[in-house]
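You will see two complexes here that share chain A, one where it goes with chain B and one where it goes with chain C.
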Partner chain A sequence: MLELHNLRKTYGTLVAVEGTTLKLEPGDIFGFIGPNGAGKTTTIKMLATLIQPTAGAAFIDGIDVAKYPLEVRPLLGYMPDFFGLYDDIKAWEYLEFFASAYRIPKSDRASIIDSVLELTDLTEKKDAYVQSLSRGMQQRLCLAKCLVHDPKLLLLDEPASGLDPRARIDIKALIAELGRMGKTIIVSSHILPELADFCNKIGIMERGKMLVSGHVDAIVRQLQPGRRIAIRTLGPTNGLRKSLEAFEAVQTIVPDEQDECALTLDFHGDIAGEAALLKSLVDGGHDICSFHETGLDLEDVFMQITTGKVQ
Partner chain B sequence: MAISIKKMEGLWSNPVIARDMRVRLRGGRAFVNQGIYLVLLSLIAMMGYAMSTRDGQMGMMDPVAAQQSLRQFYYFIFTTLGGLVSVIAPALTAVAIVSERQRLTLDLLVTTPMTAMRMLTGKLLSSLAFLMLLLIMSLPLSSLCVILGGATISDVAQAYSFLITDGLVFAAIGLAFSCTAKNNSQAILFTYGAVALLVIVTGMTGSLVVSYGFSGRPASGLPLCSVLSVLCPFLVSIIPSTSVSVFGLNVPLWIASGILNVLLIRVILTGAALKIGMYGPTLIRSLRIQVLLLTALGGYIVSTLFTARPFMGGGFDSRWMFYIWFGMVCFLSLFMPALFGPHAPEDDPPGATFKEWYAPRRALSADYAGALPYFHMWLTCLMGGTLIGAAIVSAGSTGTLATSVSGLYMGSAAIPSSGRGFDQLCNIAPAAWFYLSALGFLAWSIARRAAWISTGSAPARAMTFLVFAFILLAPGLVLLTTNSVNDNPANESSLLVQLWLLAPLSIGNGSAFRYGGDSALLMRSGALAYFLGTIIYPFWLAITPGAGSRKAARTAKETG
Partner chain C sequence: MSEIQATKGRALSTFAELFFDNPMMDEAKRETRRMMRTSATFGRGGLAVTLGIIVIVYLWLLVQTVLTHEDGTPFFIYVELALVTLAMPGSIYAAISGEREKSTWDALVLTRLTPAQIVAGKLVWRLRLLIAIAVIMLIPVVLCRIGAHRYLASETGVIVSQVMIGLWGIMLSSFGLWVSSITKRSIATLSIIAVTITALLLGLPVLYQMFASMNQAYPQAYRSQGTEDPVFNLMMSVNPFTVLGEMLGFGSMGYNNSGPWRDPSGTTACVVFAALTPMFIIASYRRLTKLGEPGIN
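And then the complex of A and B:
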């Protein structure tokens, strides 16, 4: 569906995006993570045919974005991080304007507008002036605009920025629903927990470079080859630590600084090994009240991969 | 026919028109504004009527004086409407695109399949629709002129058609500045400045037409003045209903001016469209072709005006035409560094080599190798148009198309003697082409070399301008300070004069053309400019081994 081959953008001597390579399939929701100035928006703008790449190529549904921008545009829906709305225009008129721009036949427009308003939960606001809508509703209206022509690829640049928690949850649910409908979605954000809920792939970008990209699980596994296990006991963990050091599969033991009864360890073994470890600890007389696996979350992944430098 | 009707339907189904009209005419505010407009217009008309008819004392006048008064009332009404068009039409579009950009809605539009041209056409037609609404609202007042006898229906219809085309041109100028300006106030300032300049220049050509009307002397090139003066909305009621002779064919003025305005609007919109979003080479190609056509047309109009200016006294001197050409080339040279020269180094293909510096088949694309061939094409169109115009005017004694074309084909000898210097023009034309192309080549070479030395566009442009200005002006300044020019013809053979590239413009009291067109001087200076330009860029590129790869390496290093 979407392929980037060494996509590069420079402004004079400044390298905004350096050799980004990526492949996404239909239904993929790709979380684009990176600090401000990392090159996320530039990459999205190149895909949205707003900026010409300096080198490399991007293909949407097999069509070269730089060579055939007009052919690519019907395939994508673009929602920028900052967008404006026209004054003195109603929500349905706004959508009709874009439906007309996407050359949707006049006879089909009314039904399409109704269905995208329903999908974005704005049916009640159909006749409201766009400037009277709340920020969250305007975000959803812009998303509805992206959907009027049923695009295959959605480019959403910081879609939840500036929204209150409820509106944030609404827009997350909407994006997840669109992913289930088979659309390929690229969502950029630097609010990581937001992306963790619905992205199946992520890419981390810093200073124009794509540091890592792929399935979330694969990246976590790559960064954390073993299993991380959290243990909690009834008393202090001093004795437990000594017992654990005797196990070869236990690599690192990190006591919890806040809680003397808890620790985490990296375990290089399979699930049967995990069971055997628990059994031997219990048999060894340790009062284990909690023993469970914890994975790295996106924030851990981000912090491990990035250096914090900006351009 | 079916296709063109479909295209027209597509034109009016443009979403931008529907949205703009919806927003402009929505609510009570539009109704109130239009009401105020009508009241003001009526008051102005009443005032004009009172002034023209001496407080309405028509019954006391003799019929001729009464007719003149009513004619003045007609002039007054349409001058007022012209003023309104001059003010309102640019305002309708001057902020159309820049406000979309500031409101952050432009990116949303650009990512739709709507092309920039379609977007701009929509903006233009929506402003036209609004302008027409305002003009239609003025119909009750202008119809008074017909009812009272101050003008005929055809007078009023022609004046309205001119007002509409003027409004369209002004709106297109507004759109162009709207695409290039950084903010609303800059767009408004530049738009009104450009419109004011256009109104002044076309007003001057209009004054020639009016003075011609009083003199009663024949002037074959004068209707072309009328074509230009139509662009002054204050004169739409004064310009006589006439025809323009184009290649021997009599074309009604409103058609000729309409065609010229459509060409002008198209080239303005194409240039403006290049400033919006990421569009392929198609627009650049289209723009370059349009500029070539307009250049040829411009040369034609200028030469017919200058070779047929009996009311200004004296015959035509080819020196003037040469100075006009020179001015046009200098004007283009100002843009050459921007158009053809200092792109950032990475914009050039890494393997740029000597073989690629001149590629005529890439003349219409945005490619530095096609820049110089395009300049040569442009110069050829300019001179071609000029010579055709001059030939037609010179052959004007018989005035037929066949005579004109044969005159051009056969050379000056076959053209009846006009006494207006066309034979001189023909004599110097090849040398003048060579000389002017050499100056363009020199500017281009300096610009290309500056692009290789400098990493950014701004320093490269500054370097180009300074070096070019130094080469052209420094010998002249030395000659002037030592009183070597004009006073002592013997100094014309001095080395400094030989090296001065502007020598053909200023040597001696009678200039280079005092010998009836000194082609030798033009050829000598042109050859020198070509020699300098060749050393500065193509020769340097040829003798520098691996220049392309070295540049690519440097670019790669600079870009990290």
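And then the complex of A and C:
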């Protein structure tokens, strides 16, 4: 669906995006993570045919974005980080304007508008003026506008910025629903928990470089080759630590600084080894009340990969 | 880039796409609502009073036109010209720069709208405004033609004046659209348009006269009794306000009718306005085509 090959953008001596390579399939929700100034927006704008790449190539549905921008545009829906809406127009009029601009036949427009309003939960606001909608509703209306022509690829640049917690949850649920509908979605954000819930793939970008990209699980596995196990006992973990040190597969043991009854360890073994470890601890007389795997979250991944330097 | 060049043909539209199924035509509805909303911020009472005063003055003028049997044609046509000169740039200056300012331009570019549709949509409702002004001001003119005991302006003068004002209004709109397409801020667009019109109508003739008098090159140029200077005469011939004065019987506005390139009939003005309009429209179209390509935004 989407392929980037060494996509590059420079402004004079400034390298905004350096050799980004990526491949996404239909239904993929790709979380584009990076600090401000990392090059996320520039990459998205290149895909949206608004900026010409300096080098490399991007293909949407097999069509070269740089060479055939007019052919690519109907395939994508683009929601910028700072979007503008027309004032003095009702929500349905706004959508009809864009339906007409995308040359959707007149006879189909009403039903399409109704369905995107329903999808974005704006049916009740159909006759409301755009300027009277809340920020969250305007955000959803902008997303509805991106959907009227049924694009295959959605480019959402910071779609949840400036929203209150409820509106954030709404927009996350909506993006997840669109992913289930088979649309390929690129969603950028620098708020990591925002993406963790619904992205199946992520890419971390810093100073114009895509540091890592791929399936979330694969990246976590790459950064954390072993399994991280959290154990909680009824009493202090001093004795437990001694027992654990005897196991070859147990690597780092990190006691919980705030809870003397808890610790975390890195275990280099398979799931059967994990079960054997638990059995031997219980057989050894340790009062285990909790034993479970914990993975890295996106924040851990991000902190491990990035240096924190901004261009 | 060669492929991009090859796809430029799609920038053209069919007649139906330009005028019947062109969403850009909806702008008139939005602008009217915006005007009403902005006016309403001063209070519904204030808006009603202002509109009431305008209507009363207009009706009073109509009544006076009928009762006095005087030919008020020159006055009404002058008002029409003044309104067109203010309303056309005032309505179009934010046409493109405003879209870019409000960040709505990218969304437009990504649709299947063609630059031709955008140009047509932006111009057509301004032309409707032009027609509305003409109709409102022509009602008293017609009454004058019916009821006046003596006519100050000839019928030919009235007709040519309408053609000239129409062309002037269309040219101002297309000029405004072009300036709007090459600027990023509406305030810059408005400033450029205002300065250009003021310079054309007032600044250049005055400065030219001052320059000529200082150099004594054309001593007659600053005299009120006319000039043989072709440049100055041309400036006066394409100034709709001076041409209108002569056309409608206000006299020569202080300048005689002689000399090369001096044309009080309005023909030169009409030809110049008619020639400049398509140039500005084509320039706007080319600029919008360029704005729609990657890399400009």
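Definition applied: the second predicted complex is superposed on the first by the 311 of 311 C-alpha atoms of A that agree within 3 Å, B and C clash if a C-alpha of one lies under 4 Å from a C-alpha of the other, contacts with A are read in each partner's own complex, and residues count from 1 in each chain.
Everything below uses one rule, namely that contacts are C-beta pairs under 8 Å (C-beta built on N, C-alpha and C of every residue); 3 or more make two chains touch, one makes a residue touch a chain.
Note that this is a predicted model, so its numbers are computed, not measured.
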| said: In the superposed model built on chain A, check whether chain B and chain C fit or clash. | reply: clash
| Contacts of A:E18 with chain B and chain C, given as first, second, both or neither | first
| request: Give one of first, second, both or neither to describe whether A:S100 is in contact with chain B, with chain C, with both, or with none. | output: both
| Partner chain(s) touched by A:I219 [first = chain B, second = chain C, both, neither] | neither
| request: Using the superposition on chain A described above, determine whether A:I229 touches chain B (first), chain C (second), both, or neither. | output: neither
| Which partner does A:T10 contact after superposing on A: first (chain B), second (chain C), both, neither? | first
| query | With the two structures fitted on A, what stretch of chain B runs into chain C, 95-103, 437-445, 473-481 or 509-517? | reply | 95-103
| query | Where on chain A do chain B and chain C both make contact? | reply | 45, 48-52, 66-67, 69-70, 73-74, 76, 78, 80, 82-89, 93, 97-98, 100-103, 145
| Taking the complex as given, what residues does chain A use to touch chain B? | 10, 12-13, 15, 18, 45, 48-52, 54, 66-67, 69-70, 73-74, 76, 78, 80, 82-89, 93, 97-98, 100-103, 142, 145
| field | Of all residues in chain A, those that touch chain C in their complex | value | 45-46, 48-52, 64, 66-71, 73-74, 76, 78, 80, 82-89, 93, 96-98, 100-103, 106, 145
| message | If we count contacts the way the header does, which residues on chain B are in touch with chain A in the complex? | response | 13, 15, 18-19, 22-23, 26-27, 103-105, 107-115, 277-280, 344, 346, 455-456, 558-560
| note | The chain C residues in contact with chain A across the complex are 3-4, 7, 10, 21, 23, 26, 29-31, 33-34, 37, 99, 102-104, 106-113, 293-295, 297
